[in-house]
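Heads up, the next two complexes both have chain A, just with different partners, chain B and then chain C.
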Partner chain A sequence: MNPTETAAAQMVHKGPSHKRIRLITRVCWTSALLVVAVPFVFPFLWMVSSSLKSAAEIFGAPSLIPDRFLWSNFVEVFNYQPFARHYFNSIYISLSVTGLTLIIASLAGYALARMRFAGAGLIMLFLVSGLMVPEEVTIIPNFFLVRWLGLMDTHAPLILLPTFGSHGVMATFLMRQYFVALPKELEEAGTMDGLSRLGVWWKIALPMSRPALGAVAIITFLFSWNLFLEPLVFLSSLEKFTLPLSLANFTDAYGMPLWHLQLAATTLAVVPVLTIYVLAQRQIIESFALSGVKG
Partner chain B sequence: MRPTMDTQQATTSDPRLPALEFQNVAKSFGAVNVIRGVDLQVREGEFVVFVGPSGCGKSTLLRMISGLEDVTSGTVSIGERVVNDVPPARRGVAMVFQSYALYPHLTVAQNMGFGLKVRKMPAREIESRVADASATLKLDALLDRFPRELSGGQRQRVAIGRAIVGNPRIFLFDEPLSNLDAELRVHMRAEIAQLHERLGNTMIYVTHDQIEAMTLADRIVVLRDGQIEQVGSPQELYLRPDNLFVAQFIGSPRMNVFDIDKLPPGVAAQLGVPEGAVKVGMRPEDLSIDPGGRGMPAVLRMSEYTGGNSLIHLELDGGAPCLIVHHGQTSPPEGTAVHLTLDKGAVHFFDANDTSIRKG
Partner chain C sequence: MASAMTDLSTVNNGKGRMLRLSLRRREALTALLFVSPITIGFLVFFFGPLIAVIGYSMLQWNLLTGEATFVGYANYADALRHNPDFWRVLRNSLVFAAGLVPLNMGLALLLALALHRPFRGVVFFRVIFFAPVVTSAVAWAIVWKFLLQGEAGALNEMLALMGIDGPNWLREPNWAMAAVIVTRVIKMVGLNMILYIAALQSIPRDYDSAARLEGASGWQIFRMITWPLLAPATLIISIVTVVGSLKVFDHIYLMTEGGPENGTLVLAFYIYQQAFEFFAIGYASALAVIMFVIAMALTLLQVYFRRKDRA
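Right, the complex of A and B next:
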């Protein structure tokens, strides 16, 4: 056998063993990741399982599989309080916040990225510095502001505060970062084609920013959906509650949680969030990359 | 055909008026003066190339014609209209960008028809114009594709097509071939030349590649530091440069320039140096090795074989480096002492201010 044939034979021999090593590596990695995933997945499984158990069984039986599947918990959730109304409130508030944030953040982000005006840098610095202030610090001044505006026990502050508050700034910052990275020549081509500044934003910059818009939409929806402190401070009428408040409201006469109902309601509450997450995982990850060094 | 604003401009223009005129145009970015008093007239149907080194202001000048850049002072006129304050889309110009600037979310047909749609032209008219332009540019089969599905040359053609459909009075090209590979660049250069011949519109073309400038232009405008150094046909610039900068910028390889007082003894007398001349320029292609051993003495230092000829690097007596284009397949070995002869008519003299001195 000449040296070339020997090398070829070695390569043929090497093929399957190389494949086996890759397979073993893959199995090891997957197993390790499954172990790491347990602390994240277990609470979710526990929640779903508990939502189908009786109140006594939740802490009584350690098994994840209920003795009897109590689907009636899900019916009870709607009978106990106006849960459907709360669900609707959360949906329409989250969609309103998302829609408004997309419009304002993309307009403001575009202006900050592209328009030359006095103090643009200062405005950006001022806005971003606002992100450093924790929500707990601003809640009291916001409370006085909302009361002064006569908006207590309405949904308006739940829409206005996230839109114009720190979350809106974050969204504006994300959009600005994306717009800065768009090629200027495309917008100039739009100007040559007869578009106004607003036309360039609408017909060129926005369609090209779909990934950023998607990311901002997802983050904003989740933010608004999970908002707890603001509804707690500003809402008092039961029928105006949003889901996070509603979940905290599944209690007995002594204020103790009704676990089976609370967990059934929580399971229902995470459905939209999970759906969005599964449909747009890539964009959520991109959204974190967007706020990085790009631009 | 229903005349659009652009076509009206094109058809009502007075052919005696220049298609484009700069009058003492200046442009500053803050304290930096990018364009410093430019006067220029471009005739209707002319192909004018702005050429110059990086940062000379050629692209800024083009962008001032397009309206993408404001004019700090002076006036820019297109036909009979001063367009300083006219928005880009109403100037009757179309621009082909260096990066093509095709809208990635639109198909080829939508890209080409976009400007017409913005101007609210009827859909049927848009379709017909896009079809005409795509036939001219052989883009028919690509109309439904997105820019990302096209090659560099195809994208370039779409960018040109987008300019054509608006029927502009003036086409503006901003280094349109610089993103293409060498072979495609030569091909597209020929296509642009043919397009100009076919359409007959005024074209202003910016490039830093002087071969592109020489091959395409009716007239070349050489710029340096925001000022025009010389305007003329390629032949004029090559044969009669106004100054040392133009002489060295136009022509490849660069013109050799020697201080007259450092030339080998006797050479200056042979050249017949005019009064006031301090430098002499000789193009590498006008110099040759004299087989009879007459002319300027020099030593061969290096030879670069390029196929049809060789670039020979020499050192004149006195140490000045010199480059010549040597025709033929062989050249003398390194270290060989040779003599250079030149065509006397092809010698250029420059004064202390680097201005050309024309003899006789």
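Right, the complex of A and C next:
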């Protein structure tokens, strides 16, 4: 099935040329995987390469290496619209959502995992009901709610909706599941020493659940960072845009994309995330695995 | 319940009981305080709106004059009986799901089978196949729209080198649907791959070493051992992927805007369009309720199958 499996099979039936067969299978598998990998990698390469081309060269003969590296595209991105401002907006909104979600989800998750109180089951059932509902279902009433609260064209709905919507609920259940599996002894010792519940949560439970907190932080940050429908519905002033809105906005007066600028901006938005991803790939991939398993 | 019993048993010891009750009450109060932010926030920003959208769906609502009149189920009748667009949209959503789900899950499983055990380069491949998952859907859609242009698109330029005259991918209804499905699969398949890898790694290795010693072939091992053991994972992944396919919005908005000739007009985009471009609030709310019913039905199906699975 894969190189190591075939290797294991070879160990069982040791043939005379098993080394050669093993090598050939490995080469076959690796080449097959490389072919499948092309549509996963090529868009990124083409994006970076085209972001360095002039508008004219983009529509010329295709080549991965630009004739002339047009670094000025990356400067023009910032002149065309307040791109730095958009970048900052996205960073601070995502950080706010992440911080808020960590606190709210771990508090609620802790109570649901450790404390006995009337209505706990009911609250769980209530929260579960939101897990699988697409945001398109509630976006219309939320539009009127946000307008009634006077929060139209502010960043508040972009922080509040993800924190308290189905993503926040998912984070709560993730934390709850982690707390349930932790040993109770340390917390009991903490209570003996006179810590309040809040103290136990902050000084004992949270430090023990760093992996879960890390996972929630990663998926929450990316969730907020990539959000598109909400900013599209709630924002109208250019300087309040977030990155995804900004990227979609590199168009000329007729709504046609200005490819060289749009791709340069997209490169600036994607490459830092990809860099962090590659550096922390293990932790990031595991975070998603954890969030998916709870299903 | 059990705690109530202990209360009764200590009823004679008046003082101790009071103390214990007040402690318990304090604990319950603290717990309620802990869960109140998410519960209240969820009530305000999710549950309230969910009830409201059902109310809205029975209104004829003119946003310009602010006038709203009760029309009962007229918006639903409009969707189900009078508006041919609605059935087109539902069919598109179905085609989208029918294309995306098997392609996504099949590829995810194949990749997971190839990558669930360590070998040289395994991390490299996992990182590559997962990379689009962490990339913003907007960025992904923009780049693919660029690659799939009819003239001067990189894909067609490359096909031309092989002597193939590629279609204008995003401007022909059937090709546009196929293009949206495939680019979305490439974007999301990494997530299911990771979930399958986790499931495969939880299968004890002795199972297939034993089968191998008995002389079973790779395919037999997969069919008789691996696949049945993967069933719970497959079920969860399939429901999440099906419901996820309902939510496709960014791709459609950026790559095709529902076109050409409504060929990629799916439910999520249709709701947005009716509500925020045409301001048909009542009608769009009815569509949202229909989407909710579909998502709920699929989720309950999951719960039902999981229960049955455990029994």
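Everything below uses one rule, namely that the second predicted complex is superposed on the first by the 249 of 295 C-alpha atoms of A that agree within 3 Å, B and C clash if a C-alpha of one lies under 4 Å from a C-alpha of the other, contacts with A are read in each partner's own complex, and residues count from 1 in each chain.
Everything below uses one rule, namely that a residue touches a chain if its C-beta (ideal position, glycine included) is under 8 Å from a C-beta of that chain, and two chains touch if they have at least 3 such contacts.
Given the structure is predicted, the values throughout are model-derived calculations rather than measurements.
> Does the superposition put A:195 against chain B (first), chain C (second), both, or neither?
first
> Touching A:238, do we find chain B (first), chain C (second), both, or neither?
neither
> Which of the two partners, first being chain B and second being chain C, lies in contact with A:208: first, second, both, or neither?
A:208 sits against chain B, while chain C stays out of touch.
> Comparing chain C with chain B, which touches more residues belonging to chain A?
On the superposition, C touches more of the residues of chain A.
> Would you check which partner chain A:185 touches, where first means chain B only, second means chain C only, and both and neither mean what they say?
first
> With both complexes overlaid on chain A, does A:110 touch chain B (first), chain C (second), both or neither?
second
> After superposition on the shared chain, which partner residues are touched by A:45: those of chain B (first), chain C (second), both, or neither?
Neither: A:45 stays clear of chain B and chain C.
> Classify the contacts of A:28 with the two partner chains as first (chain B alone), second (chain C alone), both, or neither.
neither
> Inside the complex, what are the residues of chain A that reach chain B?
183, 185-186, 188-195, 199, 203-204, 207-208
> Which of the residues in chain C end up touching chain A in this complex?
Going by the criterion above, the answer is residues 3, 24, 27-28, 30-32, 34-35, 37-39, 41-42, 44-50, 52-53, 56, 111, 113-119, 121, 123, 125-140, 142-147, 151-152, 154, 157-158, 186, 191, 194-195, 197-198, 209, 212-213, 218, 222, 236-237, 239-240, 243, 246-247, 249-250, 253-254, 267-268, 271-272, 275-276, 281, 284-285, 288-289, 291-292, 295-296, 298-299, 302.
> Which of the residues in chain B end up touching chain A in this complex?
66-68, 87-90, 93-95, 97-99, 101-105, 114-115, 118-119, 162
> Applying the document's contact rule, which stretches of chain A touch chain C when the two form their complex?
For this pair, the touching residues of chain A are 1-5, 8-9, 12, 26, 29-30, 32-33, 36-37, 39-44, 46-47, 50, 58-62, 104-105, 107-108, 110-112, 115-120, 123, 126-127, 129-145, 160-161, 163-166, 168-169, 172, 196-198, 201, 222, 225-226, 228-229, 232-233, 243-244, 247-248, 257, 259, 262-263, 266, 269-270, 273-274, 277-278, 281, 284-285, 288-289, 292-293, 295.
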